[in-house]
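Labels run A, B, C and D following the written order; every chain starts at residue 1.
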Amino acid sequence: MNAPEFTLTAGPTMASDRVRAALGSPVLFDYDPVFLERFNDLERKLGVLLHTEKDVVLMQGEAVLGLEAVARGLTTRGTKWLNLVSGVYASWFGDDLRALGAEVVTYEVPFDEALDPEQVRRLLAEHPDVERVSLVHSETPSGIENPLREIGEVVHAHGALLVADVVSAFGGCEVRVDDWHVDLCVAGPQKCLAGPPGMSLVVVGPRAWAAMEANPDAPRGSFLSLLDWKTRWVDSDRTAFLFTPSVSDVNGVAAAVDELIDSGGIDAAIARHELAGRATRAGVKALGLELWAKDERYAANCVTAVRCPEGVTTAQVLAHVREHYGVMLSKGYGVLATRLFRLGHMGPAARSLYPLVAVTALGQGLADLGVEVDVGAGAAAVAATISAGRAAVVS
Amino acid sequence: MNAPEFTLTAGPTMASDRVRAALGSPVLFDYDPVFLERFNDLERKLGVLLHTEKDVVLMQGEAVLGLEAVARGLTTRGTKWLNLVSGVYASWFGDDLRALGAEVVTYEVPFDEALDPEQVRRLLAEHPDVERVSLVHSETPSGIENPLREIGEVVHAHGALLVADVVSAFGGCEVRVDDWHVDLCVAGPQKCLAGPPGMSLVVVGPRAWAAMEANPDAPRGSFLSLLDWKTRWVDSDRTAFLFTPSVSDVNGVAAAVDELIDSGGIDAAIARHELAGRATRAGVKALGLELWAKDERYAANCVTAVRCPEGVTTAQVLAHVREHYGVMLSKGYGVLATRLFRLGHMGPAARSLYPLVAVTALGQGLADLGVEVDVGAGAAAVAATISAGRAAVVS
Amino acid sequence: MNAPEFTLTAGPTMASDRVRAALGSPVLFDYDPVFLERFNDLERKLGVLLHTEKDVVLMQGEAVLGLEAVARGLTTRGTKWLNLVSGVYASWFGDDLRALGAEVVTYEVPFDEALDPEQVRRLLAEHPDVERVSLVHSETPSGIENPLREIGEVVHAHGALLVADVVSAFGGCEVRVDDWHVDLCVAGPQKCLAGPPGMSLVVVGPRAWAAMEANPDAPRGSFLSLLDWKTRWVDSDRTAFLFTPSVSDVNGVAAAVDELIDSGGIDAAIARHELAGRATRAGVKALGLELWAKDERYAANCVTAVRCPEGVTTAQVLAHVREHYGVMLSKGYGVLATRLFRLGHMGPAARSLYPLVAVTALGQGLADLGVEVDVGAGAAAVAATISAGRAAVVS
Amino acid sequence: MNAPEFTLTAGPTMASDRVRAALGSPVLFDYDPVFLERFNDLERKLGVLLHTEKDVVLMQGEAVLGLEAVARGLTTRGTKWLNLVSGVYASWFGDDLRALGAEVVTYEVPFDEALDPEQVRRLLAEHPDVERVSLVHSETPSGIENPLREIGEVVHAHGALLVADVVSAFGGCEVRVDDWHVDLCVAGPQKCLAGPPGMSLVVVGPRAWAAMEANPDAPRGSFLSLLDWKTRWVDSDRTAFLFTPSVSDVNGVAAAVDELIDSGGIDAAIARHELAGRATRAGVKALGLELWAKDERYAANCVTAVRCPEGVTTAQVLAHVREHYGVMLSKGYGVLATRLFRLGHMGPAARSLYPLVAVTALGQGLADLGVEVDVGAGAAAVAATISAGRAAVVS
């Protein structure tokens, strides 16, 4: 089988030419001065993009590694968490916390809705001894974005530590770590940043460090240890690696960050993702399909989730679209695998007419398999939305 | 300005990942055994793809170089040519012949029509002393494909040398050099083959060599000399270059040829281009625009020419589409520059949903500028045509 | 500062052109059929290269991750290990075991010597209740290679599980997992294979799986869990990833494996590394420097460790060589950091005249800083050794 | 056969990583605004590097194309040239002039010597009606550099047009077009600039344009026509290409120029080449071999020519070195093919320890074939020379 012509999935998303050139650049020794400077530089720039002066730690291993490190670092038997759940990832994070012995208060909404900050306030009032609050900013499995800013205010007022999974939010929607009182967050390079997968970009603030230091069960001397990074990297001069970093991934992520900066910066990147999301949703609706998100106000900028219509399966449709049109889309994830399609519009896929390709491929694929959709209306809606949005930007 | 996301022009067309990797591979010394073998190998494979056992010569310089070499090689004062004209390039070739002192009989049809083999037969009967017949197989400037096979029969019956410009035909429509009695042709790597521009892939048969050898004015000791290649390369052991070949271009073209072979071979490539052309034309018509070709039977597989509607200029539309949608299309060329758009569907752009991008970008761009088009109908027609064509191939 | 011209370190080592092209190839969705096939294919080929039919697991994270996963998977409080130590890494592994509550019997030799299988036999006789035996096949920090085959026989006779760190041995010296009775080993892609760093290539046999399954403390539901791979990948149909794999690293490692296979296979690769090691040692001695290894019979094929002479520091010499000659070498590691230089000859650096560059750069650098060395003799010895070795291969 | 590890030839020389990334970047449409700007930008920067405000024309086709265009552009029957010959290329240029009907006065020195400006002055005095003077600045086939500056003064005083082949001089030794009164020169991208081969970088001043315009035989309407560039590009707004440029070659050359500028500029580049030449010559002499240049004062910076000793042939030695050591070197060219070896030190090969590799590979190769050389002395001399030269630069 040939490689796909278009990768428009929920991530890893296709990399830009600049990122690919960086990935294919020479593999340097990790202590080569050029590489060391690139690594330190990347830490600094990530802090700027995330609007934070907290410490940035580049862990090796994709987000599940970073999130496990966080869960273990902040949990001992009986630690009381409020876990806010509006999707698969948050639900799993709660499972992990419980497995570690945490006492977990759960606030869960249906996976096609967003969290309500007022409910968070109410729950914190009910449970004043909650020590940490966790949420997923943008739930990639269902394309739902939660109001991190407002929840941040609420948690800050209460005083608990705020832990946010911003894996797929970073680069595609606003994330202001310091202003929003986020104590610890994990971002991913392979979503809206469109770098290679394989790293966890972790931000840790002083309160989170203190909580870990006070936690006897926080990993130490382990690949899962954030504290090791604290003592041997952050508090040192950031020149002695804990282990060999994944050089080419770092090269790729650094290039993705530089490209984002050179393409108008973080705000322009967010605007691109917002428009791509809007255009994709317009297209999906015009096809005659149903968005997963109950309300578009909390539909994510990174990926659009679409309910799978009757009469076909998600697996069947994706295989057909891949084989006939060379377009790779995603289905849902976890419990949602059979219920929805996901059209990614991250990184390069948030530019130009990529949303048109995603919407039309899905629409024509469904039509091929007997579902009644209006391919033309879908395509026209995407194009018209992009046109209007671009006009606002360009002129 | 950012680089475009989509290059869907009349060529150079975008290169595949494999071709790009080859272009970026190490620049070897031209006499390195690995490079020399690659060069010889490329000559052999091109012969196979063009269905010929004639000599293949890889000239450095894009098609105008190859065509000038051919014109000069076969012309002395008074040489009688029948030049068959259905487009800009053939017209210019006639000018070149006249500038060289040739006596040129011209058979010209409007540039939105194809040549008629019967007229060729009639003209050869009228001018039995015609020594060479020239035509352009596929006129890229206007997207018209001529019946080379039938004309080949006619010319063969007459006995004149047949010279064909197959620059943009090669790789996208059938070219059977030997069966069709073509004595000399020039193919291009940067069109349907989707290699880098910068070379002329020239096939020369024994009758053409003889004619050049008999021509006192044929270039010798010149960059324009095919005879130099004959004496110093073809008749030698093909190991002593006349000058330094453009190593990375050769690497790129060799990779393009290998990829074509590995993707189902020449017939599959032609089928892809045929389908892409059909889908693009369906889309253009459904947009409500007018194809340039009077009859789709001779619309080219490589590029679709579209009449520019009233109220806009081609330059204005292309700049808008490039700026707003990151899509690069072509306008017409030469005398047709202001009269038509050209949507390229060559190489990678003949795959997947690239025609959808081209048609929708043009349609939305025109709509933005006030032209009444039906973007949805255009997109739907492209998708439906590809769907039907793919279904035929896959199942 | 410019990038170095030569990276001749203890790893990561420079990647070949083919590996770099693969690293720079498109980042595919991990469930794209092309990627999934590439991943499965890589598992199979690694098994072939390691001469094993045991399960291959591709963990994300460089060797420290794989080794921690192994230590935790096979240890509960009181598990009795015999840890064989001839270098820094084995020593650290013992620390990790003790931190996990293992009872560790240590057999340690000076770090410039290799392990003696007879001593292992004696210790196992003394400690018949030892359950696992661990060793590092090739100690990269000091360039010492241990007799894994012979130790394997001894451990097999005893019946304990044999765990081997073959990180830098793989690809550069013989590793026959099944014949040598290795139950579990961790190989690295960034050493002799010359792929990108960031993965642990883990082989697990049935006895090792059983031991982990019987271990209540073996990680489960964790990034560190080999058992998760067992239940959710190996025993499944190897199609549902535990988390997003590092796509471009996998691409790079797959290309490195393919290149090794296409370059004469694993035996030819070993021969290249053996010759490069021999040539480097000849050069170092001819310079007038002292090898770290007390006896060349156990000097490693991957890297040559050289004692730092009086009057200079390793850091000073390496910085000078990097700045003046664009050559990146390594110093020692851990407790050996200030005591030795390491010249890497892995992957591409085991080919051609790279050892000449390493030896001469070190020699001239030392000379520049006032150490008396014979640069010419060093260079000549390298060249002569390669000449003799190549003559044996080529003719 | 594997690709070579080192390409240290007389050119094409190996390309840097940055150039290779540019060669492998997307193939843009030639009228894409990004490409057009890159093309114009390249013209401007080349002018700066060549210290000229004259017009820069980027012809497609390697130097023989540019030189033929120059010869034809400036010659009609009876045009009187003084051709200065110190090597193969100048000799061939004279042949070309004579074939075009020029009256050629030749001043020839043995090919292992440089031209003497005083002799030029004398000849011009003898032949006051000479209209054009031609020379090769740096004779790549024999590694001889001529005193262009001094000859420029002499020709300027006389008033003839000065035409210089600076193909392999550009980027490796000083070329000040305007200060030195050069009216027309042709530079190459594939020598010291280390870009891809396939272009002629031509500088044309007003007197040269005027001479061409006055020449009825100057090519017009031809691939060989500089005048076409004048009328349709230079005098136009430099936006309408005469034909499709070789996009990826232009990308590569532009990157090479940018890299040169970012690496300290043209003077630093010249210093690198000068040092590499000096080191190579020291090494060759210490091997016990004889330099081709009678006097090192005029040995070229780009390539070092070495007399082939008795008992071996150049072809045999080069094949042996390529096969055994993976190093590609050059033999002589034209009449010198069997008489000398050429070790290239251009572009990346002028950096770091590449001269060490070239000298040692040649030395060991000769030793393998029975020639008595002192490999160690050769290597030591290279390293010591680079050491001394680098010390001067760094400190």
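FYI, a residue touches a chain if its C-beta (ideal position, glycine included) is under 8 Å from a C-beta of that chain, and two chains touch if they have at least 3 such contacts.
The structure presented is a predicted model; accordingly, all values stated were derived computationally and were not measured.
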Intersection of contact sets, subunit C vs subunit D, gives A, B
Chain centres computed over CA atoms; the one at greatest distance from subunit B is chain C
Larger contact count among A-D and A-C belongs to A-C
Per the C-alpha means, the centres of subunit A and subunit C lie apart by a whole-Å value of 34
So, in whole Å, the Cα centroid of subunit A is separated from that of subunit B by 45
Cα centre of subunit A to Cα centre of subunit D, whole Å, reads 53
Each of the following residues of subunit C touches two or more other chains, namely 2-4, 17, 21, 24-26
Subunit B partner, complex, touching residues on subunit C are 17, 21, 24-26
Within the complex, subunit A is touched by subunit C residues 1-4, 7, 9, 11-15, 19-21, 23-34, 37, 60-65, 68, 96, 99, 190, 196-198, 221-224, 242-249, 252, 322, 328, 330
The residues of subunit D that touch subunit C in their complex are 2-3, 5-6, 17, 24, 263, 323-327, 348, 351-354, 356-357, 360-361, 363-364, 367-368, 374-381, 383-384, 386-387, 390-391, 394
